[in-house]
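What follows is a structure written as structure tokens; I'll ask about it next.
The letters A, B, C and D name the chains in turn, as written, and every chain counts its residues from 1.
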Amino acid sequence: MLLESLREQVLKANQEIARRGLAPHTFGNASGIHRSGSQPLVVIKPSGVDYNALTTADLVVTDINGKILEGTLKPSSDLDTHTLLYRAFPQIGGIVHTHSEFATSWAQACKPIPCLGTTHADYFHGSVPLTEPLTAEEVASGYVRNTGEVIVRRFKAENLDPIAVPGVLVAGHAPFAWGKNAHEAVEHADVLEYIARLAFRSVLLNPSSADLPVHVRDHHYMRKHGPKATYGQKR
Amino acid sequence: MLLESLREQVLKANQEIARRGLAPHTFGNASGIHRSGSQPLVVIKPSGVDYNALTTADLVVTDINGKILEGTLKPSSDLDTHTLLYRAFPQIGGIVHTHSEFATSWAQACKPIPCLGTTHADYFHGSVPLTEPLTAEEVASGYVRNTGEVIVRRFKAENLDPIAVPGVLVAGHAPFAWGKNAHEAVEHADVLEYIARLAFRSVLLNPSSADLPVHVRDHHYMRKHGPKATYGQKR
Amino acid sequence: MLLESLREQVLKANQEIARRGLAPHTFGNASGIHRSGSQPLVVIKPSGVDYNALTTADLVVTDINGKILEGTLKPSSDLDTHTLLYRAFPQIGGIVHTHSEFATSWAQACKPIPCLGTTHADYFHGSVPLTEPLTAEEVASGYVRNTGEVIVRRFKAENLDPIAVPGVLVAGHAPFAWGKNAHEAVEHADVLEYIARLAFRSVLLNPSSADLPVHVRDHHYMRKHGPKATYGQKR
Amino acid sequence: MLLESLREQVLKANQEIARRGLAPHTFGNASGIHRSGSQPLVVIKPSGVDYNALTTADLVVTDINGKILEGTLKPSSDLDTHTLLYRAFPQIGGIVHTHSEFATSWAQACKPIPCLGTTHADYFHGSVPLTEPLTAEEVASGYVRNTGEVIVRRFKAENLDPIAVPGVLVAGHAPFAWGKNAHEAVEHADVLEYIARLAFRSVLLNPSSADLPVHVRDHHYMRKHGPKATYGQKR
């Protein structure tokens, strides 16, 4: 029952990737995790299947180490990145990988996205970080899992909170975003693309565009996410 | 009755924000004011409600100081900016705040939009001005109201007429536009985005793009807005 | 009868301006001329009327000097530019004025569009020229007519053939395009926007992008327009 | 029968060019070749016919030297480029020529598209190459055929495999892409435009954007195309 509801949510998130234009062709995938049962269950998109043809029955169920438990199709080729992130970031419940155009362009330029405005600060508490490139050995010894490793290494090195910074750029590759569930993950992937577009144009207009002052950045982040959040209606 | 008609106009303006793509997600809001009664009444979008789901009954009515008079939902978190502008600029009857992409990129780049062409001059008599950033104290002591204060301070410092210059960029944030009513405000927000796109590309093509000569700028502004306006059909 | 057919064609061209997205709001207009009767008749869009609401009955008919012969609405405020061009360029039968985004950005940057590729050369034999800005006196003594004058002056100064170069950028304003009739004029306005987009990106990628070699440029222009044209089906 | 199936595939590929927005107006064409019969048969779009009006009966059938065998319409003016590529690259079965906007902008800037990311590496094993410009003599002595010659010369000079590098930019002109059939060719033309957009933005963000490390590039290319490909479902 819970698994069925997770399947629905992951299906919806994968469809949203396509509907919002975040991943041309089949360059993207969403997953979700159910953590509270006897063993955590991951639900993920199968590899290379068109978003429009996808059904809940096509989704693949694995354990948190990527061992397939249910499903006849091969899981997304990015599965090992997803499961590594679920193991390293116990706070998160959904992951979305896209090749959205502007975020991917920043990843290819090997530049983190600076926090230039309040739109950015409402969702990401600071820059959108950039990983190191994978070494030849990391590529050879488990490319997909090591993609997760370089993400986690970056967050540890900077002492970043994956809830406050719900996404990353993998150098020379593309973005990953996450959230407390798959629905929030795709929302963050969409906002990430939006702020990538804004920042692209701001730095072209003014190459010395400066980070938002810390007092504004923190105010905006806290008004949406802090204990005294004032945005939206009471739930 | 008059209030009902204002509600309809403010609803329409909020829907236009979405329809014209000026504010992804719910990053935008429109308000209108009825000034001629015993006390001025402000009608504004509620916070965080989707544009498509919005009805006139959802709109919030306040006095000119932002005291809620009607409505069960929380007003837009930007309410205090709107009411401050209504108090400071008695000529205006509607305000629209968006996060439209190119205008926001200019705001993040901390650059006013120069008046490079006649399209700009038809609507804005001179550059689209840029505010100062808010100080830490201003953020702490009433961020939203002080967003209005930095706008007004900028108009006073340059002796700008809010009718001739119907919009502004808040540094590191996004644009506000206004007009004699909510309908005209959303039209100005849309034109502002359009001229932000044109100017973005012009300055990339030619970083030393120069302001339109004053004689052309004034001619264009006056033919639409002056006492001898020649554009459009007689009303 | 002939006038009715011209009205239909001019209506269609005005609708095409909107359909192809060449003129946001009502920033654009199309006209056509019938030259073979006892006196030339010009049909032009009325001022400030929405493209979707336009009917053939709304169009305004004038003589070649802009004297209104038929119609109850005010003609486009750009009428005097159109009629001046019809008088100066007897080869042309239709004119389209737009504020299409990339062509307007080049006009605002005060740069002609260089002929960087074969797509450009198929339609424009050389750069898309740029006028001089209007002087204060020209603005004061007939702004709209003098907009036509600076276009004609530019073509004379460079000895350009308006059939081989079917469009121009008015400095700090926007493009005008033309053709043997209103249908071809709107096609040229659309191609002009397309090549403006291409050239914008090429010069950003490579600021020293060079004009297409003359032997390629001439080959492409002649294969579509020369006496031995090989493109398309025989008519 | 086989020819009929090839006609269907070539029709579909031409329609896909339009549907994906790869060739405004009629600036593009697709062809396919049937190689296994007694003589190779090429099916190609007729010249200057609108994609939406196109039927299988309109397509032109030629031999591998471009001699017309079936069809009443003139073949695409680019026929000689297609047939030369079919003769030079026996591995390929379909060719698509577009004027897609970003790939054409790179061609006009006379710059190959560097391999900056894994999206690129999944489809193109290295840069998208750029031809030399055609000399005046080459233009005069068979412009269209010589367009094919400069492509082939570029692949020979760099010892490129047309299967691993399924496309090219013709300097000052536009891209050609190909594949094992017309369907794959249009897919490659679409991906080429996508990576042209990404790379455009990456190099603007960081003019010294570096090629993806060879170990990542090769890993990505091989996981989709190598003998141990792991992407997608087993066929």
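In this section, a contact is a pair of C-beta atoms (placed from the backbone, for glycine too) under 8 Å apart; a residue touches a chain by one contact, two chains touch by 3 or more.
This one's a predicted model, so the numbers in the text were calculated from it and none came from an experiment.
*Asks:* Quickly list, by label, the chains bordering both chain C and chain D.
*Replies:* Under the touch definition, chain C and chain D have no mutual neighbours whatsoever.
*Asks:* As a multiple of 5 degrees, what angle does the CA superposition of chain A onto its copy chain D give?
*Replies:* C-alpha superposition angle, chain A on chain D: 90 degrees.
*Asks:* Among the chains, which is located farthest from chain A on the basis of C-alpha centroids?
*Replies:* C
*Asks:* Taking all residue numbers used at the chain B/chain C interface, answer same if over half belong to both copies and different if under half do.
*Replies:* Here the answer is different, because the shared fraction of interface numbers falls below one half.
*Asks:* I'd like to verify one number: the distance from the centre of chain A to the centre of chain B, where each centre is the average of its C-alpha atoms, in whole angstrom.
*Replies:* Chain A and chain B have C-alpha centres separated by 34 Å.
*Asks:* Just curious, how far off is chain D from chain B if you go by their C-alpha centres, in Å?
*Replies:* 48
*Asks:* Using the touch definition from the top, which residues of chain C touch two or more other chains?
*Replies:* 200, 203-204
*Asks:* If I apply the definition of touch given earlier, which pairs of chains qualify?
*Replies:* After working through each pair, the chains in contact turn out to be A-B, A-D, B-C, C-D.
*Asks:* State the interface residues of chain C toward chain B in the complex, per the touch definition above.
*Replies:* Touch residues, chain C against chain B: 24-25, 27, 46-49, 73-74, 77, 99, 101-102, 104-111, 133-136, 139-140, 143, 172-174, 200, 203-204.
*Asks:* For chain A, which residues are in contact with chain B within the complex?
*Replies:* Residue positions touching the partner: 116-119, 190-191, 194, 197-206, 209-210, 212-213, 215-216, 219, 223, 230-234.
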